[in-house]
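Okay, so chain A shows up in both of these, paired with chain B first and chain C after.
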Partner chain A sequence: MAQVFPRSANVLVRAGIASSVLLVSVLTLVAAGMYQSPLVNSMKIAKAQPIPFSHQRHVGGNGMDCRYCHTSVDSSNFAGVPPTETCMTCHSQILTDAPMLQPVHESWKNGTPIEWTRIYDLPDFVYFDHSVHIAKGVGCTTCHGAIDQMRLTHKATNLYMGWCLQCHRAPEKFLRPQDKVFDVEWKAPRNQIEEGLRLVKENNVNVGQLTNCSICHR
Partner chain B sequence: MEARIKTVPPVLKAVAPLMEDGHSHESISRAVSDVVLEMPMPRPWYATISVGLILLSILGISTAILFWEGLGLWGINNPVGWGFAIVNLVWWIGIGHAGTLISAILLLFNQDWRTAINRFAEAMTLFAVMCAGIFPLLHVGRPWAIFFILPYPNTMALWPQFRSPLLWDVFAISTYFTVSLLFWYTGLIPDLATLRDRMPKGIARSIYGFFALGWRGSARHWFRYEMAYILLGGMSAPLVVSVHTIVSFDFAVSVIPGWHTTIFPPYFVAGAIYSGFAMVLTIMIPAREWFGMKDFITLRHLDNMAKVMLATGLVVCYGYGCELFFAWYSGSDYERTMMWYRGFESPFAWVYLCLLLCNLVTPQFLWIKWMRITPIPLFIISIIVNIGMWLERFVIVVTSLRRDYLPSSWGTYTPTIFDWAAYIGSIGLFLTMMCLFVKFLPMISIFELRLQHHLMKRGEIR
Partner chain C sequence: MKTNTMNAAEFTSQGHWRTLAACAACMLALMGCHPDMWNQPRFAALQKSGFFTDGRASRDPVPGTIQYDGQRRPWKSAVFEGISGGQLTVPSIMDDTFYTGRQGEGFKADNYFPVSAELLARGRERYDVTCTPCHGFAGDGFGVVTRRGFPNPPSFHIDRLREVEDGYLFDVMTNGFGRMYSYAARVTPEDRWAIAAYIRALQFSQYAPLDTVPADVKEAILNPQPVVENPADSSAAHH
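Here is the complex of A and B:
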């Protein structure tokens, strides 16, 4: 009886099996890589803002404290975006006619707030509170990165749940003393784990509870 | 092949031979493969597939609405969070147990009566597991997120809860499906080659040829086939016990009254085989009639299956007895009260009584030989057992959940039209798949029948 398939079909089948294995592995790698890419998590991508505000200038250069503008960071879930009045405390005197700052002056004149583009946007199913993080010794730069070096603000982390859990599972790796929370130049000391464990105890951080689903998903 | 059936079974006074007289290798091949190749499908086949397709479209439509609107369309609530979906899952998975039992356990025990029924039972197993698989998918409510149940490295740095029996279910059922599929397909390869060779040139022939994997029936092919088949048989044998054991853990590992008992695993496994054989009989009795397979699936097969059903049915009855005994012997008020509710006070007490009627009383008729070897009564009994096993799962799921420890969290359950639609829809899927199976694949293993014929002629089996 004549064969249904020519002899070359064997090669095709083998090639098919090999290439499907290859294809699956490549697709897996691509998918895994995609999640680490700024295209997906928009890490390190500066977004356009109405005014090219530079944290590098204000924090790194002028040495302003975070709380000068983000006033509610230690008392509320929201750190607070400064109203135009805050800008005008200085800019009514400095750089009054710089074209770059036109939107600030216009906003001041018209009374319409400046519409900033949000960089750190958590999904709505995540409950997040700034004040408790500050109170327990999580520094600003732990999540927001080297803000004093950012000419334009960008996301310093991917904000994935896995990233949150790094700290929620082992806060001792990240906690710092109260007086260093707003210090943008703080570096973890050599004995960070030891120090961190002391702070965990001192600040009454209940580590076991930090990974309960309902801590963040309420 | 001969190595497998080396020992001559003891001479028993069987009701009928394994195969009727007057057949040759040629007539066996013809009788089975002609259903696929030449025979116009009999009228009842068209009727069955029409019913199947209608029910299947009910499943499709109701599922689309369910996904759009959400699970609120079902009757589930707090405290009865598990309604029809889990009842149907357990029922279908149970039905799926006959295939592996017949194909693996009977293979390892050299039971030659498996030959004529293993293909059919394995196909039924696969389709039953498919039907079962629908329900978790619907019950999670967000089917697009179903992959969360799989352990894979993810951006949430989370693993599924390995301590949960629901996760064990995922592994148990997916393993079961994969191994059953491989076992079934491996057994099909020589027959696919037969179909390929008997088929006229064309696309169909190429398709059968592709799946026959170039089978030429050489000694080396047979050697490898035998090795693969017996290994897969060995692999799937423990699955007969493990799958429904793990399904029973969904209940037994929790602390709800009526669920938290050690009898559950063996009682579930016996129930699974019981309902599996009932379903094999339900579909095989008409099929052997419609497709002229009475020569190969003889009264001997019906008799043996009925006996397995009787034996497992008695184990199930023992399980019912144990449940009652444990409830009393535990001394726990909750267990006792739950049993009391189950039998007398709950609005579903009639379900419990029906279940006892179906599963406790009905199998006793199988002690009578006439009942075992007469197709119509046996068919009716098998249907009743199928219903009874469904009611059993309903009683287990609903009566326990609606009354747990706190009276403040008591509730009840009323299935809605969408619950029923998913249930009868899954039956539609099952019927459709079975009909397509008999249309496109040999429903009995041709080459094993030939071997059986050969051994019968040599007087090694009868």
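Here is the complex of A and C:
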């Protein structure tokens, strides 16, 4: 009986196996690349806003505190997007004729809210509370990046669970003293781990509990 | 034997399709194609809604709503709980003085809280956050926005403002004054009292009677020593 497969079939099978392995690795790499890509996590992409509000001007330039506008950040889960009244507190006097501020004046006149485009959006199955992070010494820039240098606001971190866990597993690497939480120029000191461990103890951070699923998925 | 055999081309192509299908499934899973869990049918703060004509999901209280006095909100900061003698909630809405700064016909002369280091520290923090853009860190009315064209507010270090009641300062923060908007929606009443206390401390810092100064500091003020600009020069002068 003649052989079913010709000799050349060996080459085909080997090539098939090799190319399958290659394909799997390539696809894995592509998937990993996409996972880190701004196309998927929209990191570092400034989005258009009704008013080209610049944190660089207000925070970096004017040295305003985060809490002037985000008033509920230290007392509630939501930091708060300022109402038009907050803008108008200064802009009833400053840059009153600037075309870029027209939406603010219209909103003030008509009582219609300004529709800002959301930058940081956690999935609805994640429980997050700003106030507890502030109270325990997580600084604004730890998650929001160099906000004082952003002309248009972008997402500075990918907000993946792995990213959250970096701090939930080892908060001592990130915690700051209470008076530095809103300091946009804060840099970790040389003895950060030592300082961080002190803050973990001082602020009663129960590190073991921070990686419980139900801490964030409740 | 015949039944188990297949064409080589058929074998490889089927293998590829399975791999491809598995990879596609993995990638879709990685990309998180579960918008139903990601965006659940509920509203977050300040979210948009097509249900109401004004497009807002957050609703205002119905006009004419009167705050119910039974369940008062707790202090947002533990500072006030301590200062007010372990009281767990803010004063009753019936306590006009706490919410308006007024007492009888006029304003409350002194602070609502007993003035303590904690109250001043809280007041300083909130003053620095809220008031400095216009009033400046020293309270002289030269805050950063005045350099951008905002008219200077009056300095706190003038006789008129040294003589006003604490309740008056509270009232200005609550209702605004001239070009200054109301801060009632942004700063809680207890924080406004703390800020009033800190403004008093600021005023005192620029207008302290000499008799209140400790003896050694008083001596230094009355007999000021010439300022030595460069220590190297002074050591050279000794030789």
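Methods note: the second predicted complex is superposed on the first by the 216 of 218 C-alpha atoms of A that agree within 3 Å, B and C clash if a C-alpha of one lies under 4 Å from a C-alpha of the other, contacts with A are read in each partner's own complex, and residues count from 1 in each chain.
Following the convention adopted for this analysis, a contact is a pair of C-beta atoms (placed from the backbone, for glycine too) under 8 Å apart; a residue touches a chain by one contact, two chains touch by 3 or more.
Worth saying up front: this structure is predicted, and the values here are computed from it rather than measured.
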Q: Give one of first, second, both or neither to describe whether A:4 is in contact with chain B, with chain C, with both, or with none.
A: both
Q: Please indicate which partner A:62 is in contact with in the superposed arrangement: first for chain B, second for chain C, both, or neither.
A: second
Q: Pick one for A:27: touches chain B only (first), chain C only (second), both, or neither.
A: second
Q. A:93 contacts which: chain B (first), chain C (second), both, neither?
A. second
(Q) Going by the contact rule set out at the top, does A:35 touch chain B (first), chain C (second), both, or neither? (A) both
Q. Who wins on chain A residues touched, chain B or chain C?
A. C
Q) Of the two partner chains, chain B (first) and chain C (second), which one does A:162 touch, if any: first, second, both, or neither? A) first
Q: Identify the partner contact of A:112: answer first if only chain B is touched, second if only chain C is, both if each is, neither if none is.
A: second
Q: Enumerate the residues of chain A that count as touching chain B in its complex and touching chain C in the other.
A: 4-5, 9, 35
**Q.** Contacting residues of chain B [partner chain A, same complex]
**A.** 153-158, 196-197, 205-206, 209-210, 214
Q | Of all residues in chain A, those that touch chain B in their complex | A | 1, 4-5, 9-10, 32, 35, 158, 160-162, 165-166
Q: Using the touch definition up top, name the residues of chain C that touch chain A in the complex.
A: 5, 8-9, 11-12, 15-16, 19-20, 23, 26-27, 30-31, 37-40, 42, 44-46, 48, 54-56, 76-77, 128-130, 133, 144-145, 148-151, 179, 181, 185-187
**Q.** Residue numbers on chain A that touch chain C, as the complex places them
**A.** 4-5, 9, 12-13, 15-16, 19-20, 23-24, 27-28, 30-31, 34-35, 40, 62-65, 67-68, 71, 75, 78, 80-81, 83, 85-86, 88-90, 92-95, 112-113, 115, 123-125
